[in-house]
Amino acid sequence: MATAYSTLPTVGVVGGSGYTGGEVLRRLAHHRGVRPRYALSRSAAGSATPVSGLAFESADADRVAEADLVFLCLPHGETAPWVAAAQAGGSRVIDLTADHRPGSGAESDAVYGLTEWNDVAKADLVANPGCYPTGVLTALKPLEAAGAISEGVVSIHAASGVSGAGRSPRADLLFGEVTGDFRAYGLGNGHRHLKEMRAALPGTELLFVPHLLPVERGILETITLPVAPGVDAATVRELWATRYAGSPVIRVLEEAPTLRQVARSDLLLLSAFDNAGLPGHLTLVVAFDNLGKGAAGQAIQNLNQMIGAPADEGLLCVPS
Amino acid sequence: MATAYSTLPTVGVVGGSGYTGGEVLRRLAHHRGVRPRYALSRSAAGSATPVSGLAFESADADRVAEADLVFLCLPHGETAPWVAAAQAGGSRVIDLTADHRPGSGAESDAVYGLTEWNDVAKADLVANPGCYPTGVLTALKPLEAAGAISEGVVSIHAASGVSGAGRSPRADLLFGEVTGDFRAYGLGNGHRHLKEMRAALPGTELLFVPHLLPVERGILETITLPVAPGVDAATVRELWATRYAGSPVIRVLEEAPTLRQVARSDLLLLSAFDNAGLPGHLTLVVAFDNLGKGAAGQAIQNLNQMIGAPADEGLLCVPS
Amino acid sequence: MATAYSTLPTVGVVGGSGYTGGEVLRRLAHHRGVRPRYALSRSAAGSATPVSGLAFESADADRVAEADLVFLCLPHGETAPWVAAAQAGGSRVIDLTADHRPGSGAESDAVYGLTEWNDVAKADLVANPGCYPTGVLTALKPLEAAGAISEGVVSIHAASGVSGAGRSPRADLLFGEVTGDFRAYGLGNGHRHLKEMRAALPGTELLFVPHLLPVERGILETITLPVAPGVDAATVRELWATRYAGSPVIRVLEEAPTLRQVARSDLLLLSAFDNAGLPGHLTLVVAFDNLGKGAAGQAIQNLNQMIGAPADEGLLCVPS
Amino acid sequence: MATAYSTLPTVGVVGGSGYTGGEVLRRLAHHRGVRPRYALSRSAAGSATPVSGLAFESADADRVAEADLVFLCLPHGETAPWVAAAQAGGSRVIDLTADHRPGSGAESDAVYGLTEWNDVAKADLVANPGCYPTGVLTALKPLEAAGAISEGVVSIHAASGVSGAGRSPRADLLFGEVTGDFRAYGLGNGHRHLKEMRAALPGTELLFVPHLLPVERGILETITLPVAPGVDAATVRELWATRYAGSPVIRVLEEAPTLRQVARSDLLLLSAFDNAGLPGHLTLVVAFDNLGKGAAGQAIQNLNQMIGAPADEGLLCVPS
């Protein structure tokens, strides 16, 4: 950024004390293209944020317009007054909740912020994608675009760390209940994220089963799908490599990625495998951090597009 | 058992210091239908076993015939001399390795010990099933027998605790590498257990992806499959309930089972779900302990059939 | 028990849906000296208990007197009406809360149920000891009795699994907050359990620091203390071995015990070590399950004394 | 660093594929005051390092002198030929092994690199401190210097994550053995690190019990000690705050720090507490990452002193 500091755009975070808000603030703390102006939180007002010199303040909608761009890290369903205040005050919005995503039923002029697919440079309201859909869509959209997916069911088995469920106290998420456990949930194809995936992949039959892992962070998605004649794992890797050559966070591997390779980073790793004895069916394995590329990392990618910053500014591209 | 103690059959365990052998011995410790005679181990000779008054002794094939029935808990590929010694001495064998299972390529007169499906009462050599196949076959065989599975691919996503990989030192199984991780392995449909499943379900197209969980014990299998017209989740639950009414360990649930509900027990829990927007496709969730119904528990079930003991003798039917 | 079933004493559990109540019920399920009559719970009424044929019922104090003996597994501070109802109806009580323990400030005629030290055979109200004190007192009381502890501070560093904190939702006990963590708490020597220890060891200066472990079950206590001239680790092991020869659960080891050796059992393991370069100071390491010997296991030991059952009836003496 | 890139000192890492070497390389990857020249590893030659453009090369002592300064991240006892090669070639050395530390028995002119206490600006050979001693000495040295420690035993109970034991395969460090466990080790006051602590605190009687935690990273040390009349927790906090005001990584808290507050960072957090009923005895709680301030972070602090870089260059001061 050649821009002098005093002219950098200002940003604010609303709902900064949850896992997602905290990760946005951690990235803003070393982002060289913005000036953090406020971090609002109902529960944490007065305590420090990861941004040097910035403390949490109480959640007051009058504050929104003090920043050129605001990240909404609220519970789902609570964004309406904040979006209204932002629009009234001329602030742009990156909404990390489900409120404006495809399939949510909401009517809005939000742009869906799947960064590598949609241009949000001019958007005033960006709907940051859900965590599970980010991996599924990143893996499948290049195949769909190339006509590589054949008729039949795409079976998505996904597993997420507990941070995907947030920080509110719940008996079933206590350490004593999650350690040693592994559970499927949202059975019957009824998870909210499936609607989002279907809206973005309308021509494909999707079956989606999410699971809860006894780990803090990360999502691994194992996808089995029927492919068109002539399509094999090498074809898929080639389609991905071409499509994502410019992405600062998406990488194509020969081996299957594991959760620890992406934890605490903004990386998303892709791999594809043929199946012995089952020509015409591939297995894809996708790994990323639900709070990274699945939330805050992608929000920062969208920020970078919106303000014209370098694509990798503020991102965490090494797992720790 | 009305039999007097002195006439109870004698049993021995070869390879008792691994996870599987240890679990067999724990069950034998309170089994009221047998007299434990020996526990042989290369590495643990001299140390105590879970059976009161029984210490590990060195692994000497001459000892085999001292017991009426012997459990082989060895590394795969090492059973040949022990089976030969047992047969020469007139001892019956329950082999917990992969050496005599269907699909192993071995020619033998072993009976496949999937307890609820095959009668091992008269068998001299029982091939105890692999852990992953136990859950898959228990779930699918009643459906196959009823013609409930339609043409198409059955997609099996399975996840196992680390005890399934045994107790030998491996850098990739160190605590520091497994904690916080989740990995797919055996990609490309090449896992040994898949051959066993295919041999037992020859008319079905199977796609199998195993994963490694950061937990000690348990397997959860999430299976998506195409079903014949008119078949729904309720049909499947009914087929299972009828077929397994007499089993001491298999239970059918309305809700999806979780790993903690089966850990350290011999239970196997089954559940089935319809999928909104995808008529004709069901999701099955199966949970059991890889060392319980997936190994030692099923070996004890087979023992009970072979010696005419009550079906539930020695089993652990409450998770802890 | 040679007694015919119909004449066995009846028992009830109040507050059976927490961790402690559940463990009492698991032991009662296979206890051959009592007939479980009821299990009362505010939150779990209607659901099954570990005792075959017994479902949870709503928490109604009128029910107490239906059993000859009742286990109180309630939150601390809530026992008064239940004890009153029991006494009015002639039922004996084992109170697993802190309400009647030494140092609690309560005046009562409760007998302190540190099983190997106090005779509860005739008691009508037994105060079951706290988890931390059980290990500390078991280790130190034989030394104090023998005059083996020298003047100076006994420093107790203890670490417990999360089940010690119960099952109520708390944000700081979520899996995402406990995994990877280790914390000291109750700093400043202010933990309630310290009062209990001091009351039972009045002549000793105790410094107590508890810690929270990222494990489900178990307590490890590492105690450093000044000893009288001539006392060394061997002396201590001998004192323990003599004092606890008759206990079904206390064992003296040469090596330091670890948490996994006691998890899910009622065992308590003791070890003692000299310190190179520091004559006159020993280190003791004590391990047991906070829900076993630290709660439900000791309650069952007390039950056995009260009803004249064998000392090991219903106990779990093999870790799993 | 105003210096032009071409004149920055060059650095190399020997033994870069273990946990410690990897953490040094991660910090060098974003250090603005050096040019990484090589990373040598017996086992990882050919694979990528965290430093962009730098691959591991085979471990050849002829390479040492290509860098102005070399980090030795070898197994203990293997540094001699590397130090000799460095000295012959005029390279300075930061040795992260135990080989040249106080109490190791080695005679050498190494400077002990406890950064906040010793000046290594001119040193040619720096002995980077052990992990456990780093926390203990940081906490106690200001007290000893002020005469605040009274006669008697200082009792140090420490617990470390498994990364402290390195990455070599060991059966007792498998996930299946460590999960759910907590163990004391090095009992009898015989741990190598105790010699190092005693050498650096010669006037103090130390009792040291290390434990192994089921976590990946971090050390928590809980220290109880007798203090001089008039010394209380506030005094200690004041001594620390004054002594460490200039440190980029040491901070004094009012509350006890936890492991998650320091994991994956170079921070070291200090806290002190009075004990009710025990005047004259304090409890100190210290937390830091064994691979951060306990190894690689302190090595980078030493590097910064040796090359005149800013004190916080390359350090990780936010936990993740």
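Odds and ends about this structure:
We call the chains A, B, C and D, going by the order they appear; numbering starts again at 1 in every chain.
The working rule: a residue touches a chain if its C-beta (ideal position, glycine included) is under 8 Å from a C-beta of that chain, and two chains touch if they have at least 3 such contacts.
The structure presented is a predicted model; accordingly, all values stated were derived computationally and were not measured.
Listed by label, the chains that touch chain A and also chain B are C, D. Remark: among chain pairs A-D and C-D, C-D carries the greater number of C-beta contacts.
Mean C-alpha position of chain B lies 47 Å from that of chain D.
Rounded to whole angstrom units, the spacing between the C-alpha centres of chain A and chain D is 36.
With centres set at the average Cα position, the gap from chain C to chain D is 40 Å. Taken residue by residue, chain C touches two or more other chains at 177, 179-180, 214-216, whereas all remaining positions touch fewer. Interface of chain C with chain D (complex): residues 152-153, 155, 157, 159, 177, 179-185, 187-190, 198, 205, 207, 209, 211, 213-218, 220, 222, 224, 226, 256, 258-260, 263, 273-278, 281, 283, 285. If you check the complex, the residues on chain C that touch chain A are 19, 161-163, 167-171, 173-180, 214-216.
Those residues of chain C that touch chain B in the shared complex are 26, 29, 50, 179-180, 264, 318, 320.
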